[in-house]
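Next come two complexes built around chain A: one with chain B, the other with chain C.
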Partner chain A sequence: MSKKIGLAKKEARKGFSISSIYLIYAAIFWGYPFVWLFILLFSKWRFVGSPQFVGFRNITRVLTDPLFWKTVTNVFRFMMYYIPLVLIGALLFAIALNKIKFGKTFVALSFLVANVSSGVAYSIMFSNLFSVNGPINKALNSLFGITIPWFTSPQWAMFSIALIVIWKFIGYYGLILYAGLTAIPKSLYEAAELDGAGSLTKFFRITLPLLNPSIIMVLVLAITLAFGIFTEPYMITGGGPMRSTLTPMMHMITTAFQRMDPTYAATMAVFVAIISFGMIWVIRKTMEREVDLV
Partner chain B sequence: MKKLTVVFIALLLTVFAFSQTKLVFWTAPNPQQEMFWKEVVAEYETLHPEIDIEWSTIPAAGSSEEAILTAIASGRAPDISTNIFSGFAAQLADIGQLVALNELEGFDELVETRKMGSIIEGWKINGNAYVIPIYSNPVLMWWRDSLLKEAGFDNPPRTYSEIYEFSKNFVVPMERYSIQVIAGRNWWDRWFDFITYYYAGGQGKSYIDTERMKATFNDEVGQEVAQFIKTMFDNQWTAVDLGSDPFYNGAIAGTLMGPWSIAYAENQYPDVVDDIVITPPPVPDNYPSDQPIYTFADAKGLVIFNTTKNLEEAWEFVKWVFSREDFDSKWLEYTKMPPAREDLLSNEVFADFWETNPLAAEYAKYVPYAVPPAPITTTVDVQDIMTVELIEPLMHGTKDVQKALDDAIKAINRILW
Partner chain C sequence: MTNKKIQSGNVILHILMFFLSLIWLYPYAWLFLASVKPSAEIYTRFLPTRFTLEHFRFILESAERMNRPFIRAFFISLFVSVTVTVCVIITSAIISFALSKYRFKARDGIFNFIIFQMVFPGFMFTIPLYILMRNMHLLNSLAALIVPFIMSGWGIFMMTQSFRGTPNDYIEAAKMDGASDMFIIFRIMLPLNNSVMAIVGLFTFIGVWDNFMWPLIVIQDYYKMPLSVLLASFNHEYGAYIGPVMAGSVIQTLPMVLIFIIFRKAFLQGISMSLK
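What follows is the complex of A and B.
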């Protein structure tokens, strides 16, 4: 009996010592900054000395800061273009990949290249491609006599940024959806065909509902990405024109390190986190379905 | 006996190690500048074995400002750092992190030896000199000689009207534009367009009155500059998104550039180098032709942090570096950026360099007329407002000149107060 307890104790100790690596890691790199974030939220501090308590002043300042809310609406404008387009694109990619007989890995890898490319490098490439005298505008002009102010019109700029990010993530999201597709048993389709279902019916009644977990995962990834977008607008448009591509992340970084106001930047970060978590919670509550494949 | 010797040597080593004074010194992460500082630091350490300079580049981060501020916050600020622009120095002085160098012994002699008396005036913050300016990069206009000739211009345009004339002869929409008037829409881009034009048109008069803390650029010069920008965009003689390197691939005939572009041009576009003509920035039509043209100085300097425990040693090192002419000459050789001194053209030490580097020599001529940015703590916000209230409305034609200027001034004065 006592031997058994000793063993259990030993096991528990072993388990604890293994997980302690993660716990210590989390305490240092997650817990400590998190505590600091809360201290900063209620204080005024400019890198030197100890933070001074200012109550809710940072919070009321964020609530009444038109520039911050402009950056938040910019994120929603980004998502308006990004989410539907990247979802449809990734879905088409996944379906096409599922139908390919040879060279699947090659196709998948070539789409993933975009995902691992350096943000700075492709930002330069796209700004050349979309420039007023660039190849795309030249082609449009000679074919249809029009040019598009990709990055210079406040209406177009965010759409152009979204296009670049879509290019980057279509392969990645596509693979997630592809994994979901391959998990759907063939027998379901065969049964549906026996019942006389057409390909549209099969898609909307079988594929789409059974893909729900993968789609939700892509949605969650896309939302978190949208709130953290930085490199592309920073490199290409600098947040303009007319602040139409200024993102919360850009605003926070300049506020913390160039305006020297880290406490205010921390407060904005908390707001952004709350908004994005809120959105994810709503999406999961309203759209997530239990899927049982067996 | 053997044991005793070992103990004795160990003791000696510890004493030696503790008697050495350690100075932490950060410099700009730039290969040419690193080469320079490596040699300078090594020489100082051989001359002064009692000093150990722990030299490194400013740690990798989004920007030097970010790295330095994080270091200050965590109590790991260096003793000395380079790569500080005047606005950042003003911010650091504002939170009491910098040593006022003019209060240290030998400051006046150093200023005199390095011939930087009037340059240092432009760097003063609330009457104190917190920064030793290292280099001063005037921003000048580069023109493509062959493209000018193609449009029938033997000499580069000097005034706004001459640029209009040139544009009429030269511009082919979507193919090529006359000059890049606006550098971009980041806050720092205003240094390389509006502020440069404003300094040029107003003989170096500041866009901000730092005594009364008021923006002052809605005067006659400001109107002329704004009208110039508007005219160029209204007629589609210029564009913003021209892709990368439009000057070198012929998409524009002229643009404002700093001396750091010389090395880039020589490496990346050696064929174009002989085609480059350098002039001061364009000026309003009525600008007197016998007066020198001022311009903006992209300038960086060195500061000592007042968290240093070895102020005396740090200051000795700084004095030693900047009282040596041969170091400034070496700096010029390595970086091609003019040292911040007023005798660049008259001092024999630099003569050989100018002879073999004619493009860099053009820049040297304008060092005395190059004015650094206004030393205010709100540079980012001020220049962001300039972008949103003044430059973008002029580009898109949504405001007239006077309204754009007035709106910008009003918004800036609100934050300066």
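What follows is the complex of A and C.
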């Protein structure tokens, strides 16, 4: 008996000491930055000397900074194009993938290989493909006689960035939805068919409701991506034209390392995080449904 | 009658999806062809009249004289990505083993803490983490690209979930034979859970290889830059050399595409698993 207790104690000590490797790591690379985040939030500091406490000045500055809110509006414009298009596209892709029998692997892989394109290289690739004299415009010109200022006009630039991010992520989201789709039992559809349900009824009454967790998952991923977007606008438009593609992350990096104002930049980052949390919370609260797949 | 209708609809769907797949592959095809055709044909022709490797020669040899050491950057990227990936797999395996197979009081607390951590978006910590690197005097060194990422809460989470499903009988049998904990972790647990190991490794590797914002901030020296930042700076200053820029883009993308094709099963599994 006493030996057993001794063993359990030994096991507990071992388990905790191994886990504390991670706790130490987290304390240094997560806890310490977290404490700094609070210091930055309430001080003025330009990387030299020690931070000076300024109360809520950074926070009121964010609230009244038109440029910061412009960048947030830009993210919302990005989401306005990106989320509906990528969600509907990924849904159609998932349904089609579920239906096709020949060349399924080829189709899945050609959509997914876009996802592993490296941010910098793919931005360079698309800035050339969509340049004013680029191949896309050449094709459009010879087919319809139009030339579109993809990345060079304030009206088009954010839409064009949304398009290329769709190229990258539609297969990824599509596969998440496909996994959800294959988990729906076939018997449900068969039962609905016996009751005389058409394919539209089946889609809106069975597929869409039972796919809810996967759709929420895709929405959360898309929102997180939108608020963190950096490489594409940095590489392709540099935030222009007329700041129409300036994103919070670009604004944060310039503020911190070119204007040497890390405290304000960190405050903006916290605001962006809060806004994205808020959006995700609202979506989960209003759209999330419990789904029981048996 | 209806059967025929369904079949023809299915044929159209197949053709449509095949066509769309080609459209999705088109940017890659264009990029690759642009890197091997003469400069004059990059914007004018899809298929080149002759193949040339001059752009690759330029980016790998001549660019060094412009302070853009691409071969070096390639190996830096490779070194950083491999090191981080190996570290993440090792640390995740050891810690996940403790979290899944040992009973101790703080266990659930630590696991929940890891889940809690994953909620916070990385960009919140960019600037404080930069300050940490600065205080550790690691700025402008490869350590700044490696040290903060040697452990991954996500990796531990994934492996713990998987390890929990491995029956304890294997471990007890090995203990009977006198196996050490390390032997059990690396010779029994990892091989039994090799698909989750592949997923954690693959996504870590791709994430580090592709990382751009962090190395852009912490590395200033051209001779310490990973490929992503060096390519961006080359494009920024010598963007007019379209051929070499395309060759550089191919060099940066190709390893990811090859890894994707080799490990496609683990990759597909990883995406589907992110649902749970």
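Basically, the second predicted complex is superposed on the first by the 269 of 294 C-alpha atoms of A that agree within 3 Å, B and C clash if a C-alpha of one lies under 4 Å from a C-alpha of the other, contacts with A are read in each partner's own complex, and residues count from 1 in each chain.
Assume contacts are C-beta pairs under 8 Å (C-beta built on N, C-alpha and C of every residue); 3 or more make two chains touch, one makes a residue touch a chain.
What you are looking at is a predicted structure, and each value in this text was computed from that prediction instead of being measured.
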item: Side-by-side fit of chain B and chain C on chain A, or clash; value: clash
item: Winner by number of chain A residues touched, once chain B and chain C are compared; value: C
item: Touched partner set for A:R243, first chain B, second chain C, both or neither; value: first
item: Chain B versus chain C as contact partner of A:L109, first or second or both or neither; value: second
item: Partner chain in contact with A:I253 - chain B first, chain C second, else both or neither; value: both
item: Touched partner set for A:S117, first chain B, second chain C, both or neither; value: second
item: Which superposed partner A:N137 touches (first chain B, second chain C, both, neither); value: first
item: First (chain B), second (chain C), both or neither touched by A:T147; value: first
item: Contacts of A:I18 with chain B and chain C, given as first, second, both or neither; value: second
item: First (chain B), second (chain C), both or neither touched by A:L200; value: neither
item: First (chain B), second (chain C), both or neither touched by A:F126; value: second
item: Common interface residues of chain A - those touching chain B in one complex and chain C in the other; value: 47, 124, 128, 133-134, 138, 253, 256-257, 262
item: Chain B - residues contacting chain A, complex; value: 62-63, 65-66, 69-70, 72-73, 91, 95-97, 174-176, 184-187, 189, 239-244, 246, 251, 377-381, 387-388, 392, 395-396
item: Residue ranges of chain C touching chain A (in the complex, touch as defined); value: 10, 13-14, 16-18, 20-22, 24-25, 27-28, 30-31, 34, 43, 46, 91, 94-95, 97-99, 102-107, 110, 113-114, 117, 120-132, 134, 148, 150-151, 153, 156, 181, 206, 209-210, 212-213, 216-217, 228-229, 231-232, 235, 242, 245-246, 248-250, 252-253, 256-257, 259-261, 264, 267-268, 271-272, 274-275
item: List of chain A residues in touch with chain C within their complex; value: 8, 11-16, 18-19, 21-23, 25-26, 28-30, 32-34, 36-37, 40, 47, 96-97, 99-103, 106-114, 116-122, 124-126, 128-129, 133-135, 138, 167, 171-172, 175-176, 178-180, 213-214, 217, 224, 227-228, 230-231, 234-235, 249, 252-253, 256-257, 262, 265-266, 269-270, 272-273, 276
item: Chain B-facing residues of chain A, complex; value: 46-48, 124, 127-128, 130-134, 137-138, 141, 147, 150-152, 237-243, 253-254, 256-260, 262
